[in-house]
Structures are given as structure tokens and as C-alpha cells.
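Below you'll find a set of structures to go through.
Heads up, the next two complexes both have chain A, just with different partners, chain B and then chain C.
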Partner chain A sequence: MKNFKELHPSVLIIYYLICIIVISLLNEPQLVSIACLTMIILLLSYSTLQHVLNELVFIVSLTLLIVIGFLYFYHNGITPMFYLNDLPVTVEVLKYSMFTALLVAFFLLSIQVMIHTLPSNRIIYVFTAFIPTVGVFLALCIRFIPTIKEHYKERVEVQKINGYFATKSRFDRYFATLQLLADSIFWALENTFNKWTLIKTRAFNTSRRTTFKRFSFNGSAYSQLILLLAATITLLFYWDELRFYYFPETKIIEQKSQHLVIILAMVWPLFLELKGRITWFYYKSKM
Partner chain B sequence: MKKDFLLVVCIALLIAIFFSGTKIQSVEQYESVTKDTITEETPIVYLSIDARSIKKNEKLLKPELLKYMPSDGVILKKTAYVLRKNDTAFDLLLRATRQNKIQMEYQGATDNSFNSVYVQGINYLYEFSAGSNSGWMYRVNESFPNKGISRYKLKEGDVVALQYTTNLGNDIGGRQ
Partner chain C sequence: MVLLQIKNVSFTLPTEERILKRIDLTIEEGEFHVVFGPSGSGKTTLLKMFSQQLRPFGNFEGEIEINGVNMMDLNEEQLVRTIRFVHQNPNDQIIFEDVLQELAFGLENLGIPSDEIQNRMAEMVHFLKIESWLHEKTAYLSGGQKQILNLASALIMRPDILLLDEPTAQLDPLAATDFIHLLKRVNDELGTTIILIEHRVQALFPLATSMTFLEGGEVRFSCPTNKILEYLSGHENMVRQVLPPGLLLSHDLGLEDAPFTVKESIQLLKKYHISQLPFIKDLPSTYTTEVLKLKNISFRYDRKGRDVLKNIHFSIAENEIMTIFGNNGSGKTTLLKIITGQKNPYAGELFIDGVKQKKLKSLYASRKSIGYLPQNPLALFIEKTVLKDFEKYCRRLEIDPVKIDEVVAKLNIENYLHKHPEDLSGGEIQRVALAKLLLNNPKILLLDEPTKGLDLFSKNQMADLLLQLKQQSCAILIVTHDLEFAVKVATSVALFFDGKVLEKQSPRIFFSNNHYYTPAISRIVRPFDSNIINYEELLQSTKNLIGEFK
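After this line comes the complex of A and B, so read on.
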């Protein structure tokens, strides 16, 4: 099945990198909204609805905190709503805070999608041919937080059975949770260094090794690469024109043909995913 | 149970501290300020705000800010204000911007290591709006005081000027 997940890992890395760079540099609200939506749909196709909903609850609460924080600390803009300690809270800051919250949501969602589409073995696979050390380093970095999460979940389950949280005091329960979290963080750190040593002892970073080529560049990969190239060229040549600003007066949202190129590059994985699923559906019907 | 009660008290205390230190005003409330009447006996000080340095380097300014730039670069002409007891240069600036409805954003004295207010932007012109060396500086009686704006106590007849620099003060006669 040839869907987005099965593209060459280097294409996936380029995709995530370009999406993050384009959205951060253009500050365009419609682009970030579409990118968030793309990531939610991709996450839904790789994960369960319950997991996605849990993630969304966390992201929405985080974004609300960001919006409140921005209203308190930013005071630029021409349309004051009210004054907080003699400093204006403006409509422009509200819009900017919403954009930033969406940007953070996009980062978090893309990390979630990355965990599903780019496991550490794929990252190592990409870098094996060029710089193995960097590959291992990246894989360990990306796996660091999920490792903590997995270990923490296991520990909590075990300790619950042992009666570690069996106290009426909420403080004691919080303290026990914090202790377990700290243990998991230190365990993950130790695990990372041990894994690095293990990989080195297996002579991973020596040259002249033969590697099994699991992934190849196919039509889907080329189509995604061409679109990403077009998006990069658009960003380089039209950055001044497309750049969105919020202060002092928010720029009016415009629909331009250049936006379409970027949007197409961002949502192309959805088409690939759909194509892959339709193909798989027909394969299954012939089985 | 006792500890849970303690937690509730802690949260309530934090909320109380937050709201006791926060003053919320509507736009009308904020803008309704009474001007001091200047008579022959009242001590006066002067204030001006200008960004003339940008006029020489307009290319440095972000394009969206051009329309907020006065044609001669002067945001507030030299104006006389009544000197109140214990007035600092910042008090004067705050009063003047409020009376003239000029936008200003600043960082409070407790928020930085200089123990003084830091003026971030006036009339939508912010630090770094015209390059990495740009920002607001203040001078009193033609010299640049070596202390923060909210620590400079004013005396009668002082002439305060807020000036925008595009080159760390070198373009307006200040030291680097």
C-alpha cells in the first residue's frame, strides 16, 4: 500500500521541515488553520479517535493558556478593548495570540503525526548513508519523550496495583506522581545513553556497511517533492508579498494563487493517504 | 482532608494576589484624564517625542509602519506640563501620552534587571522596528542620563525629549 506513511523517510522529513518553516515565516492564519486540519486528519488515520480527542483536549487547554498569557504580556495594536494596569489589551493581540496558539497546536499535532510516520528506525535509515551519528542522535531525541511517556504509564499502572497512591491526601498523591515522573525521566536519560553505547558497540557508525533499501522513491514521493519545491520557491520569491502581519493593524486576509501552491503542498499527503486507502480497499476485495 | 483544604486556600490566595495587583479599566475610563491648568506659579517641565532619525533611514522601517510615521517625524511637539511632586521622566511621559492619546507600551520597573521602566514602543514604533540597533532613548536638557527613565526625578524647567534611534543612539548624539 503506497500511502503517505510509506513514502521515503527523507521525503517525510523534508515535508515536515518545509511545512514548519513556511508557516512560521509567513504567519498566515489560513495556512496554519489548514495545516492543523491536515495534521488532525492524518493523526485520525494513524490513531484512534479516542487518542486524537485526548490530544485535542490537551491542545485546546494549552492554546487557551497561550491566548490569556498573550493578552497579559502584549499590548501593541490600534484597537484597544480595555486597559490592564494602564496598558491596552487590543483586538490585534487577540488575533495574534490565536495565531500563535494555532501554531503551537500545529507543532504538537505534527510531532504526534511524526511519531506515527517517522519512527526512529526510519530516521536512522535516512541518515545511515550520510551521517550515521546524526541519525542516531535524532532518533534518540525524537524517541526521548515517548519513551518517558511509555515508561511512566507502565510504572503508574504497576504502582497503582501495589497501593502506591492509596492515600486520601491529594498532596501525597501529587507528590507520588511527581516522584514517578522524575524516575521515568532519569530512566529515559539512562536508556538513551545506554542505547547510544550499544549502537556504537555494534559498529553502527563505521563506514562500508551494506544497507537494506526498504524504501524507494516512487511517483507519490516525486509528486510530493515537486509540490514542496514549488512551495519553497513561492516562499523565496513572494515572501514580502505573502508575509502576514498583526501589528499595529492586522493585514486583511487575501486569497492568492501563491497560497494555493503552498496549501496544495501541505494537503497533498491527504490525497496520497486517500489514494493508498482506495487501492488497499480494492486489493482487499480481490482477496 | 486538612491538606486538601490547604490546597484550596493556596489557590484562592494566588487568585486574590493576581486580581489585587491588576487594574482593569475601560477605554473611556482610561482616556478620561483631566489636564493640569498651567498658571504663572505652577512649576513646569517640557516634553517632546520624535522619530526624526527614521526619516533619514526610512528603508529600515517595516513597510506596515510607514503610515504611522508623522511626515516630519515629530510625534509630540515640545509641550509644557505641570510638574507634580516626585514626578519622574516616565511619569511625565505616561501622562503626556495618555492626554494626547498616543499609544505607548512599556515594561514595568519590576520586570527587568535595571529596576527601571523600559519604554518598548511609542506610536506603534517599537524597539527593532527599524533594524536591530533601533529603539527609544530619552534625554533631559540635551544630555542622556545614565539611569532608567523611571528613576530620573524631574525638577522645574527640565526639558525631556524621547527620541527614536536607529543606530544605538549614535544618530541622535547619544553614546554607544
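After this line comes the complex of A and C, so read on.
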């Protein structure tokens, strides 16, 4: 089934790069919201509902923490809602914290989608011609967090059975959990270095690399590239109009045609997915 | 023709610990060479000397020559084309998410043209018969398939020498046998020189051309396989244990024959006109109190999936050692997870000491009095040294620290206390992990592959320890592939099949009724209407019989 996942790896990398840069620079509420929604829908099409829900639970918890953190520490803005330690907590900070948290959620969701659409071999394929090491480094980075999760889960289960958390003190249990998490992060780091060693034992970087798989540019890839180019040009030429600000007073959210160009570039993968599924449905009907 | 020459190689760690001491070894072209020895003798370190990247940090002395050329004079690409590795843990070597890319990676790095890569991949896939899972994700392959993939990734580079470090350690007996025979095929049909580190040496006798015994970082002897009996004296303890039962029997009876296989052993007995061997009366074990009971337990990982456990029903008493066999991926580890509370069945009940166990709701809850040794024993350790880990564990569970000395002495692990758990060998970490569990005096011990990576001497020690624990009323449930170990320790045995634990039987009845899940001795005596399952019984029964005919 030819869909977004099957595009040339360089198109995928450019897509993620441009989306992240554009959304981060603008931090505009409607763009951030649509970006998040796009990633959730893409993740649903590549993964199970259960997995997506589990991820969302984690992401929502994290975003709530970010919002609370911002409300506690930031006191900019001109419209106070209430006072905390004699410092105003303003509507502007609330909006800023919500959409910044949503931005963080977008990053995390993008990484999840990247894991599904950019396996290691595709990343290395893109960088093979010029800097293969960068490709390997990126591939290992993307897989860093899943490696931590797997290791942490295994350790927690085994330690739990053998009474590691068998203490009445809640603080002790939380500290024990943090220690296991830290242990897993260091292990994942070491595992990454070990993987790098293994990669070198297979003659990596000893001579000019070739690839056995060939990816080609098709109509879908070109359409995505054109839209991404249009989004980039729009951002560069209309930066002053598109730039969004929260302080001292939040800018009024407007629907502009320039937004449409950026939104189209972002959600185009959904159309490609839909097109792929319809085509496959048609082929299946002929079987 | 000499292919590999190791000349006076020594290796010392920065801590001044000498791992390898003046190793001299010569390997001829086309040999199938087996290296064996106790855990911690330096076998894996010796293998790592062949790669600059894998070599640990330390002081290397001596020379390694390949085809008469010093290894240091070969560049990286030449070395990669000449020597390839397959490591113990199948997961450690796999880099990519899909099988095709894993196969192609090495060739891509060497700059082989794309068409040739495709050709070589096609050849290798057909040779190793892996078409059926070619498009799978590597994460979903079984342990045996992963090792075959690692072997394929190594062979596709067309190396002169293939180095394998206990490649069957994590495989069930049938998968291990298949893998070893595949290696023999590679050796015979491709002429690749194979150097294999293994603990399960008995099965390799018919296949290996030569063997090396490594102990304490030194080569004790190196000889052709058929000459190994000449080196028996002076190394009796270790070498006896690796000999196939037929060969050992022939030696102990003073015969000149040298049977390596079950078939040859049967022919040996028939040669001396033995038509029948004793049928030993099976004395039923007497058990006291039931401590663990599973009643109609069923479990599946997701609603739409199939049942991994179906109506599991069995119990274990407090002086019982029960062993469960089954293929990798059959659900044995899941069964242990149900008992420990990591997973909850959708039907059935679990009783510990007669008390029905409730579902563990809290993330931090555990079932008391259970000690669990996982397949990956490193998961038990958090601290930087073994001793610190033990001390923290004692503090957490309010155990008297004096218990540490007791357990250390029992398992003979004094030398490992100040080491980082990840620096210990496979066998060493198993013993240290078991020691940690024993600190808490568990009533029920659940052991998942406890003999993985252990040499035969350490296995005997572990067997003695488990039998001692049994006497102290500890109930032990072992999930293992190690048939010989089960013969030594088990009081009851069962097979795991199709989500069920089949009828529990005594080891004698179980092994004598089986054809495949049974040790070599049992297969040897089957034509003689006997139910002998261990070597001592076989030697005793044949001594007099053969003495009459000599």
C-alpha cells in the first residue's frame, strides 16, 4: 500500500524537520493544535488504539505538569486571574503554558510517528552518500527512548516481585522508581555505545557505502515536497504577519490564507494515507 | 594448512587482573574447533581478541596470525572479510528492525554493488532456508530465528573464520540441535573454519574435529576430538563431564571403542551382547504440605488473541522441585509471571499456602515469600557492585546483614562481591543472582533458565544447592531446557504444550517415555527395555554384564 510511510526517506525527514521548525517558531495555537491532531491520526494508522491511548495518558500528564509549572513560575501578562504568593497568575500565561505544553506534546508524538515511519535503515540510506555516521547517530537517537522504556519496564517488574518496593515509606518507593529510571537511562546510553561498536565491527565507515534498497521519488513525494517548500517560503515572506505572541497581551487568533498553506503542508500526509487506503481497498476488491 | 595461529597471547585488565595467560593455539583450515572450560576461564575474552572494537580496554601481548599475516597488519576491511562473530545473546547483535536490512548491512559497508548484494542475500536465504520469515520484523523473531539471522549476517560476508560464543545458550534443545547441525553444514559445504565456544559439548563430539580446554586463562590442552581421552587424567573433573555418555562408559569399562553418538553407544552395548538392561522401580516421591496451587488458570495477552495459558492446573509441595519443559515462546515464562503477580489471569485461582491470591493492584505490591530468578539475571541488580546491591536489598527488606556472609559462602561468590554485575560472565551472574534471592529465605523459588551460561561444574554446584534448599522445605519451580540438570534435581517433571502443563510425572517415567525431550542416556538404553536415566545407574548395570563377555 503506497502511503505516507512509503515516501522516499529524505522527504519524510524534510517533512518532520520543517514541521517542527515552523510550529516551534510560530507557536500559533491553531497550528499547534492541528499539528498535534495530525500526529495522533498518523500514529493511530500505524499503531494500535491501546498503544496510542497509553502514549496519550503519558503526554497529557506531562502537559499538565508543564502548565502547572509555567503558572507557578511565570508572571507575565496583563490580565490576572488570581494571585499566588502575591504574584499574579495571568490569562496570558495560562494560554502560553497550554500551547507550549501542546508543542511539547507535538514533539513527543512526532518522535512516535518517526519511529514507525523511519526505521534505522531508511535514515542511514539518506545519509549514506555524504555522512553515514550522522545517519547512524540519528537512527540510534530515535530509538533511545523506546530502549529506555523496555529496559525500565523489565527492571521494575523483576524488582517488584523480589520486594524492592516493599517499604511503607512512599518517598522510598518514589526514590526507588527514580533510581531504576536513572539506571535504565544510563543502560540505554551504554547500549547505544555497544550498538555503535557492533556497527563498527561490520566494517562501517571503512569504505564507500552502497545500499541494497532503492527508494524513488513519485508523485506523492513531489506533491509533499512542493507543499513543504510553499510552507517554508510562506513562513519566510510573511514572518511578521504570522508571528504569534502571548505577551504582554495575547494576539488575536486570525484565519489567514498563509495559515492554510502551512496547514495543508502539515496535513498532506493524512491525504496520502487516505489515498493509499482507498487504492488498497480497490485492489483488494479485485482479489 | 595453518589458518590461525595464536602465539603467546596474554591479556591483562587495567586492574592488573590477568584474564589470558600465554595462550598458544593453532587452528587448521576447515576445522570445526570447540573451546570449552569453566565459567570465567577467559573463553569469551579470547574470542574478543580477534576484533579491535570488541577487545576490552587493557594490555594485550602476543601475536595473532591469520594465513601467516599478523592481525595488526590487516586493515579493518580485511579483518571483517576474514573473521565474523556470532555472540551469545541473539538480541545483542541485531541492529535493525527488519531482516533484509540486517542481512545487507555488512555488504553495504564494504561497498558491494547493489545487484551483488541482492544475489548474495538470495543465496544465503536459500542456503539457510529462511524464506518464510524474511519479511518479518526482527523484534518478532524467536530466539532460534534470531541466532540464525546472526549466522546469516556473518556468513553473507563470506568469512574464512567464523567465531561463535555459546550461540545455543538461549535456545531450547531442539533449536540448539538444529543450529549446531547447521554449523556443521556450513563447515562441510562451504569449508568455513569454525571456532565454537560451548558448554553443551557432549552433542558436539560427532561434529568437532578438535577441541581446546581453557581453564584459568590458560590452555590446558588442545587436541583432535578422538584423542581427548588421552588428556582425561589430570583434568578428570572437567573433562569427564563433557564426554558423551557412550564415550565415558567405554573409558570407564576399559574398552577400546570410542562411541560419540547415541547410535554408536547402542551398537557398543549390542557388540557386547547386552540384550536387556535393568528396569528400575520408580519410587514415588513423598511430599508434605502443598504451598503453591494453580487452579484452572487461563490467560491471554489481548482480548482478540489466543489463550497463552489454558486451564492450567497443578500444585507444588514444600519439598518438591518441579521442572517444566517446553519450546521457546510456548508460554512458560508467562506462567511464572502469573504466579508472581506480574500478569493476572482472566480465569482461575492461585493459592499460596492455601490462601487464595488476589490480583495485585498496586504498582509496588509483591507476593511475599516468592523469589524469582528471571531469564535475564542482570535485571535483579541496580547498584554498582554486587555487595552494595546485597546490602541495599537487606536494608530494604530488613534482613540481617549477617545473612550475606552465609549466602556468599554457600554459593562461593566471594571473588565477585566487589565487581559490577555487568562485568561478570554469564555463569557468574547466575550464581550471584541466586545468592541475592536466597537472602530473603523464600518459601517458593521460581527459576527461569537457571543453568543458562553455567559450565558443568557450576551446574553441579547449583544442583547441590537446590537439593539442599529442597531439604529445607523450599518449593522450587524451574523452567528450563537443560534435560541433564533436570535429571539431577527434579522430583517431578512436566511438559508445557498448547498452553497447558501436561501431567506431572516423576523424572524416571517422564524421560523414559519420551523420545526427544530426554537425555542421551535415556535414548541409549531405550532399545534395552530400560528406564535408566543417569550415568551412574548405566555404569553400574553394564559393569558386570560387559565384564562377563570381555
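We adopt the following convention: the second predicted complex is superposed on the first by the 245 of 287 C-alpha atoms of A that agree within 3 Å, B and C clash if a C-alpha of one lies under 4 Å from a C-alpha of the other, contacts with A are read in each partner's own complex, and residues count from 1 in each chain.
Definition applied: contacts are C-beta pairs under 8 Å (C-beta built on N, C-alpha and C of every residue); 3 or more make two chains touch, one makes a residue touch a chain.
Since we're looking at a predicted model, the values are computed, not measured.
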Go through the superposed model and pick first if A:130 touches only chain B, second if only chain C, both, or neither.
neither
Where does A:87 make contact in the superposed view: on chain B (first), on chain C (second), on both, or on neither?
first
Output check: A:169 vs chain B and chain C. Expected answer is one of first, second, both, neither. What do you get?
first
Kindly classify A:249 by the partners it touches after superposition: chain B alone (first), chain C alone (second), both, or neither?
first
Quick one: is A:194 in contact with chain B, with chain C, with both, or with neither? Answer first, second, both or neither.
second
Comparison of chain B and chain C by chain A residues contacted:
C
In the overlaid three-chain picture, which partner chain does A:76 touch, first (chain B) or second (chain C), both, or neither?
first
So in the superposed three-chain picture, is A:214 touching just chain B, just chain C, both, or none of them (first/second/both/neither)?
second
Mind sorting out which residues of chain A both chain B and chain C touch, each in its own complex?
172
Sort out for me which residues of chain A touch chain C in the complex.
50, 119-121, 128, 154-167, 172-173, 179-180, 183, 194-195, 197-214
Please name which positions on chain C make contact with chain A in the complex.
51, 53-54, 75-77, 80-81, 85, 92-93, 95-98, 100-101, 104-114, 117-118, 121, 153, 302, 337, 340-342, 363-368, 370-372, 374, 376, 379-380, 382, 393, 396-397, 436-437, 440
Which positions of chain B touch chain A when the two form their complex?
1, 3-4, 6-7, 21-27, 29-30, 62, 64-65, 68, 94, 103, 105-106, 108, 121, 124, 126
Can you list the chain A residues touching chain B in their complex?
75-76, 78, 80-88, 168-172, 245, 247-249, 251
